[in-house]
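Below is one structure; the comments refer to it alone.
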Amino acid sequence: MRILVVNPNTSESMTRAIGETARRAASPGTEILAVQPLYGPEAIDCAMESHLSAVAVMDRVLTFGEPYDAVVMAGFGEHGREGVQEIVDVPVLDIAECSAHVAQLIGRSYSVVTTLPRSVAAIEDRLRLAGLADRCASVRSCGLSTLDVDRDPAAAMEAIVAEAARAVREDRAEVICLGCGGMAGLDEAITARLGVPVVDGVAAAVRLAEALVGLGLSTSKVCTYAPPDPKEITGWPLSRHLGAEVR
Amino acid sequence: MRILVVNPNTSESMTRAIGETARRAASPGTEILAVQPLYGPEAIDCAMESHLSAVAVMDRVLTFGEPYDAVVMAGFGEHGREGVQEIVDVPVLDIAECSAHVAQLIGRSYSVVTTLPRSVAAIEDRLRLAGLADRCASVRSCGLSTLDVDRDPAAAMEAIVAEAARAVREDRAEVICLGCGGMAGLDEAITARLGVPVVDGVAAAVRLAEALVGLGLSTSKVCTYAPPDPKEITGWPLSRHLGAEVR
Amino acid sequence: MRILVVNPNTSESMTRAIGETARRAASPGTEILAVQPLYGPEAIDCAMESHLSAVAVMDRVLTFGEPYDAVVMAGFGEHGREGVQEIVDVPVLDIAECSAHVAQLIGRSYSVVTTLPRSVAAIEDRLRLAGLADRCASVRSCGLSTLDVDRDPAAAMEAIVAEAARAVREDRAEVICLGCGGMAGLDEAITARLGVPVVDGVAAAVRLAEALVGLGLSTSKVCTYAPPDPKEITGWPLSRHLGAEVR
Amino acid sequence: MRILVVNPNTSESMTRAIGETARRAASPGTEILAVQPLYGPEAIDCAMESHLSAVAVMDRVLTFGEPYDAVVMAGFGEHGREGVQEIVDVPVLDIAECSAHVAQLIGRSYSVVTTLPRSVAAIEDRLRLAGLADRCASVRSCGLSTLDVDRDPAAAMEAIVAEAARAVREDRAEVICLGCGGMAGLDEAITARLGVPVVDGVAAAVRLAEALVGLGLSTSKVCTYAPPDPKEITGWPLSRHLGAEVR
Amino acid sequence: MRILVVNPNTSESMTRAIGETARRAASPGTEILAVQPLYGPEAIDCAMESHLSAVAVMDRVLTFGEPYDAVVMAGFGEHGREGVQEIVDVPVLDIAECSAHVAQLIGRSYSVVTTLPRSVAAIEDRLRLAGLADRCASVRSCGLSTLDVDRDPAAAMEAIVAEAARAVREDRAEVICLGCGGMAGLDEAITARLGVPVVDGVAAAVRLAEALVGLGLSTSKVCTYAPPDPKEITGWPLSRHLGAEVR
Amino acid sequence: MRILVVNPNTSESMTRAIGETARRAASPGTEILAVQPLYGPEAIDCAMESHLSAVAVMDRVLTFGEPYDAVVMAGFGEHGREGVQEIVDVPVLDIAECSAHVAQLIGRSYSVVTTLPRSVAAIEDRLRLAGLADRCASVRSCGLSTLDVDRDPAAAMEAIVAEAARAVREDRAEVICLGCGGMAGLDEAITARLGVPVVDGVAAAVRLAEALVGLGLSTSKVCTYAPPDPKEITGWPLSRHLGAEVR
């Protein structure tokens, strides 16, 4: 089984880290193909960047060129999952949604600890549209940007543990979801300190992708996620039309 | 990996059928242990029977005696998942919830087709408490009891397909969940006729159990599902105190 | 009029206390029959115990043997009301639900003060399924188990008043519901100290039972709560099959 | 015990009918005082009339002059319950809310059958603000105005039965609430024909009023329903300032 | 364009202040007609006063006698908008609703800062019935009555700013709505201190009234807000029947 | 006042039609600048196209080069409003949201009639995230694509009227919103035939934009919609990097 794991931003170091997490989480026999878009932000902390990433990810998937059995979108709360579901036939999984699915399977309520306060809304929106908000006790911010988390993992660790502890104590969360791809690897440390299960979205998505492929199930194409009708789309996929300076 | 799959009723033929479905769905290397309670109804179509089953299933799990890595509760909408979560350390999965999780991963909305009209409420309640009702387009009844489905699978097939077609057309369902353990094996036939993905709960639960075990995650024990405090419980587990006529 | 009041646990002293509260609350001419199950936990603080109690209570009601006009289930948030509604023809009232009904009749919002933190979820679930969660400002725990409340009423009093005061101040509760059968009798003391009406669930249920009987109304049997279809149920009712050591 | 039952409109024949229903429903020893406002519409079918009625009812209650133990507001969905709760110390019950409370105690879901389509919104609003909408399967209109129901009870009967049957069949209602004071007395006939319990709001409110008085509980005055602060209110109560032609 | 702005209470100084705010907010060419009822409370802080105001405002509008293109109801959370919508053909706008509409257009979430704690419920109810509660982060009280705000604007300013700051910090509000007609004019000062946009309800309603008139749209009369059917209404409009001492 | 109205697709004829509708709706003195993206689909009927449009619209707005006072995004349910709110300082209005705001101001409930069944989900999502779903009676599809509506307006008219009539009759809608930019101009014809107010989203958005500008209010920048932090964004804005064949 081959799973295409798409880092939503253009940071190569983050693609490597996400790929490693995915590989650690995968079953024996599952191959992880970790890629990143050809254009777009190096990290995503707002709606503008998230929208751009949605298109850059669709572009990357559409032009990938090799076979795969499932797509994992490794952005936590980023836009675009529905679009990718329309353009491929295999299952498409979003790490924010997969975190919530796994959290709900193992606890009565969960909280997400994410990066900046401004990302809280995006994550709440994604969970709500996915029908997974009801058991979400809270989405909390640790106050650091995605790049901050990347740069100083030790400080991030402290900030995230502090916020997770508040979620358990004040919001009655029984499971913590790490709300940022860049937090991969912190799960065990947090569980050790707080005694609550911690869900890493990339790992969760890889295992749920395997489950769907194993069940022989993929996106329903009867209505909302049917393939787009043929139509003139100027300049699409964008990467084919971009000049040399972007590549 | 060993998964304990518990048929909620005392029908041995149903245990066998559920076990076979579970084995077909499992990954290579996963062993399925299919069991049934020592007392209780031969089929479950109402709250009284569902409550009795909850206890009989807990009793069976508590006295099982061999190791396993996860428990799958094979009743669609039956009570008791929370109780089993408290008394074992491994992940516990309910097929109604797992159906909904898988359905939400592959479609915008799903409908459940169950047996009798009176079971609709129980399934709605379970989905709602599990935080999975938001993307549920409808829970529909095919008008047949669990035993009817067991006795005349061909007639059941027609009734279920008819109701699933209404769910797609009138309720805008994009995925169908088979709302009864006894419907196992109908999924492919329905997909062939309606063009929508069909989720079998037992299969879904087995694959999600594998995913949780693979992730090294289990039920959060920090509050709601902590082990019961030691306490005098007269006659528990019940099977130890039951006379010979019940066995 | 005769009301069968069922203590959900096997503690005889709690049955006596519940019976006394019920008698104080009843109208002249109403006879209270206070009973307890023949097996099960001495107190109920988790889902496992609650599920077991549901069955033990159904068993007790089914084998009671004398006529009555209504059943009051004296567990706050315990499972099983729907099952009893199916097996008897008279009205069946749950004290958690009755507390909320009365609270909504006399205030804009109410809070429940219950025993342990782990019981909060069970009560929230029961109120939600009963359609009574919308005006619930909060379910709060006083941190003591049911047995603790029974053992040291004075300490319990302080803990409950403190939590009720927080509900009024922080959650804007305008009515307090005592969320445990064992808290009977504390209502007047709390009202005296906080100035808010306090609802005792057993008293509320007795008076609402009288109202339903007076109206000539009982459980609708058209669908969800119709009597169970005849069916082979191994070992049911359980008490008939239990050996001497349980009684 | 004395219960003040206030017909929200100025029709004396309706006051008599409501009073008779209330007396039939009351326990022995309960005295019913049935009154009507001194000004306002002869029947209420829209928001303008409902608002006017709210004031006319408050005016009537404020100037009533004799003692009573509870107030029943006999308008189905009319405005004003909160206002009366502020100005009296005894419990105040609205028949729409009491219908829903009783319906929820005896069934999983209920529908209201009311008069004109335009009244559906008012009833939905009242149930929603009272926190009782969650188990409401539907509010349906029989297409007749309040005065039509009063003038031709036989035709009204057919129209109401037809709509109630649709509620049971299409909306899965398990209890029917009669959504208009003028429908009093139809409950038994409808139950006989449809097999579902039917709740008459006036009867329900009288029995719930008795229950609250028996429990020694009344409206919480800690915040929302505290007595109005003293303040200059020009012309209030209005009836004291109205000219002879109005009386 | 002429907009009839109705102060819901009988305080002339408040009518003048509301009129001035409306004029400042209006486009060139829009004429503001600021009026007040002929009877009722000098300020509105509870449901009783709000209900009375609803009728007094309807009475005032019905007997106004001059043409206008839209009605603005200048009470924040007061009853009565639906009644006025039935009796006039032009658009009718409520300042609480208009505040929320404007707030949602410019921010992800908003909080209302109102006067007394007891008014919180009324505002929550109005927003909820208007379908505007979903993005409401909180309704907070500054602890002062409407008359207090009128009497000591400087103290009110401090209390309102403090509460608005809490809404931003604790409830994640991104826009503040001033929840009382008497707070007109504080918006700029608060924006200057907190950096969040502040919406004045009167100003918002005037501009939205202009927008509706410009679009040629008015209240739908197909069902709920159709004109009242002709019917005997004793003493209506009330002002025609009131004695000399009231005028 | 200058309003930048952005057609979300690359069809020049649609840009012209939208511009004309905007001009007809605008107040005297308002200048309409109607533009379209430099790349992307000629019409938008699915999530993939909608995501692409979101980026193309942001790109177009970012590189526009002339001053304006507000942005109107003329896609009904398309993605991207939040992104544009972050990158400009002036108010940003989405026509789907503005339709709902206006509909709620003039009726108790509204329905949207859109193009293809697959667009229903996108519109429901946008209304839900905007907090405007509560009074939405239904989103209905007329079965025609955006291009079909453009090609055969007479046939579209019949299909839209038929669906609007169903919304009024079956869903109790009291206002109809035209759910596609290409339906501009049909509003008067539909009102004439159905007697319900019809809201054109472009017209609504233009007038609400004028209202916000008049109020001196714009997007709150305190958290969610703050300007993006400076960051390396490869190839952005995309149009600057696209080859000649795209322009």
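Should a chain be cited, it is by its letter among A, B, C, D, E and F, assigned in written order, with residues numbered from 1 in that chain.
One rule holds in what follows: a contact is a pair of C-beta atoms (placed from the backbone, for glycine too) under 8 Å apart; a residue touches a chain by one contact, two chains touch by 3 or more.
Note that the coordinates shown come from a computational prediction; the quantities given were computed from them, not determined experimentally.
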item: Selected from C-D, B-C or A-F, interface repeating E-F by over half of its contact pairs; value: C-D
item: Superposition of chain B upon chain C: rotation angle, C-alpha, nearest 5 degrees; value: 180
item: Separation of chain D from chain E, taking each centre as the mean of its C-alpha atoms, in whole Å; value: 29
item: Distance between the centres, which are taken as Cα means, of chain F and chain D, whole angstrom; value: 44
item: Two or more partner chains touched - positions in chain F; value: 108, 117, 120-121, 172, 223-225
item: Chain E partner contacts - residues on chain D that touch it in the complex; value: 10, 38-43, 45-52, 54-55, 58, 79-80, 82-87, 117-118, 120-121, 125, 128-129, 145, 147, 223-226, 228-229, 231-236, 238, 241-243, 245-246
item: Residues of chain D touching chain C in the complex; value: 25, 27, 91, 93, 97-98, 101-102, 104-108, 130-135, 168, 172, 174-175, 195-197, 199, 203-204, 207-208, 210-212, 214-215, 217-220, 222-225
